[in-house]
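Structure incoming, see below.
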């Protein structure tokens, strides 16, 4: 079912998130704690922004498990960034291939998903139908995730410039979730869709903790914010805000057992703006 | 632009085709002779039939170049089969991924392609549109080849059982090529489509040497038939038919410089039936 | 710590061992039952004999996990063989690389190991020192396993022809285990060495269930023999011997919960000869 | 035979060296110009320094060809560094594996090699013999290159601290080359050893253009220095030194046809110090 993680704030060395915490994302690739199937060994991906070099982010993906990837291990202690996201995959829909690894990139946007749509193949054709030619051909893999993001982008970019803001992302997500529910209904898919999704342009995050059937529990999603994120001996902390430091994390599961993590309510957005203000609001879908 | 090869006849050890000839397919992966771009290093695939074990063929593909693949080198001298096909890829449309490696498999059928359609993305949506749901979701990769085969299968399987014969394959190819020309015209694609394609069910081959614009020269495609195919010191021979032995090869380029290869005429089919009879006939497209 | 499996007998389609049983080797790659660390996702390898084609076996290895390997899934239902072995790896010593995947091959011999030597690097130089130049250079990877097999081969091949018999293999194992204990002692390694190892030439098996410290429990190793090995709905059976059928399995852990598995005693060999006679005898090390 | 490249100077975006020049290193992976065998498709590696984050460099390697690697393509335009090296491999000694990819790393040092020692396996044991235990176990792969660097490191680190200077590197290279010649002689290897090697700690380069038989021509190695390295439309330039900018390149072959490249004389070192002073001096071996 995958695990994901996102950081924005004072530039941080990746290692502190990917490897050092007791329940780091790399450890979650072997043995996640807050999900029934603990193994997320079907490839991984990271994306990060280097604002002084390029407007577009770097992505690095692999079909190999995160736990044994020598390049990831080598990169992590040597890359410092103000904004990074990462994903470890447990394949449900789609083969283990680079095209099916998250994050997905569209220009300066990065996207990733934790969850799934049962019997997705039944609605695949419907999701593709309204796409612009550009987005139709942007799809490279087979996952429900990538197709849903293509639909989302199609809504997001309809009649507007490249510059997007949080409000537009929220509206595109809501339209997408409503359309998905409609298509699922039309095709007789009754299992709930689990859609914990996160989009960033390096300056903001919008993430969803969502399940299409409100009687069900969505997958876990937490946020944590403070002055500075630190890790020592595997224990992460969020130090109180100071003059220069600020940090926000959004994660599928807590990186350590301490108390600085807040569960996002069912069917709510969490948004983080460029000033690192965190807001929670209901998803109207 | 890829290179392909197919063998049917007296069971043969793969090695004799893949590695031993001077211009073996593995050598063609490094340095093909009869094509402008000699490198075919973007993955490879083989498929073979094991009639006494399973009705469906084995496929083995890799994103690594054929010339250094340890598994291929290890398999080739130890697998004997009455029907095998193989392909080395030079990526034009679509990333280097397992999903984009030939051969493509549908049940007991194997398919591979050498050539390409320029600006294929312009007609991708049109090709997918008429597909059955099953074939729509059968497509796993991004290549023009796989999409064209999906269209071909859609024609082939329309209103008929699983058992297909050479005549049906020929008709499905002709319908597919005609439809492609129409779609290309509608979308203003004027560059010719190069479509050397081969389909087998382990009991027959149907291959095309085709270019959509009859003023152009299609890519090379040869056949060779005889009693027994042998290789010694890199030189292949076709021994005259004997009581028990018969063999047919269809190849993108000659495996050795000797004379047992016949170029298939422009825009013609070559078919090989279960009795290894070879026929050449024009493509009505 | 790895899991391994070997079959000899009436030719069998690989699938029945690798995928069909409830606790198949592929399932053990995700979630092994009889070992502390259930994950064996650091690559895998299979080897099998095709006596009518080649004296040497085929090996097929991959650094990807067995559970998602498309080539393995495709090969397994279509290869029938009288002798096969297979291994899923949990890397302890040595990176995840093809060179570190089991089985290791030397001419017509295949070898694999489940276990390990703590602080192996301390004795690596000593193990290599007595090797013939050929075996010194035969080592391609970094594992304790491959080095121990090089030492074993050096003992096995000392002053004799290529043809080896069970007795010679037994003696080479005993010499190797004694030498290892001596080297460990010299270098102050006090942790026990776990050495469940299996060697085959396609006509016999010799396997060890061994721990260097007799106060410790070795890793599990079972055998099962009978007339024919069958699987239905995930449940394997050993049918009583019949005229034409015979089969022996040696496995790290039981493939199903039924009763046809016998634990090999601590520090004993299990040998299976060409007539499929199974013998148990103590290891003199 | 491989191709290599190194840059030190004003921080540069990798893309300008790896992809943009007409004869960029990525193009050399497909079709190198100044070597008999133009293909360098057996993996690649890059290493770069991030002085404000970590004393040790990042390395990123892959067994896939450079020309199709999506991660390399994605990283290159987004990483800026004052010191980078890169290597594309044509495997001679050793399989295609990550362990055999250059650069090799030892703490803060990066090393790479273009060339080879014929019949290297004959002297492998001799090269390993004098190594410290640490360096004996540092060797992970099978290449002549890595073994020679282990010997070099053993000389370099003998009785001294971690901090090394150019003079020490030069002496270690000379001792290594002399020892190699001696070992080759002892083992009857008469073919010349080709040893274009480069070592860096991020603050200096030492590179060799060397062949063990002075009657032979070594492989090509060039340097270029100036104020700023620029590329436009595939054409690289070295702008005259300005106040703030300085740059030095060392390359196996010229990145463009222009005149800013100087061939290093046969059997000479080129050294580049932290102030970017370039010196050429003979190798005393």
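Think of it as A, B, C and D in the order they're written, each chain with its own count starting at 1.
Everything that follows uses one rule, which is that a residue touches a chain if its C-beta (ideal position, glycine included) is under 8 Å from a C-beta of that chain, and two chains touch if they have at least 3 such contacts.
Remember, it's a predicted structure, so these values are computed and weren't measured experimentally.
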| item | value |
| --- | --- |
| Chain labels contacting subunit B and also subunit D | A, C |
| Fraction-based call for subunit D against subunit C, same above half, different below | same |
| Inter-chain centre distance, subunit A versus subunit C - centres from mean C-alpha coordinates, in Å | 42 |
| Multi-chain contact residues (two or more partners), subunit C | 70, 95, 98 |
| In the complex, subunit C residues that touch subunit B | 13, 50, 52-54, 56-62, 70-71, 74-75, 77-80, 98 |
| Subunit C residues within the subunit A interface of the complex | 30-31, 39, 41-42, 63-65, 67-68, 70, 91, 95-96 |
| Parts of subunit C lying in touch with subunit D, wherever the complex brings them together | 95, 97-99, 121-122, 124-125, 128, 133, 136-137, 140, 142 |
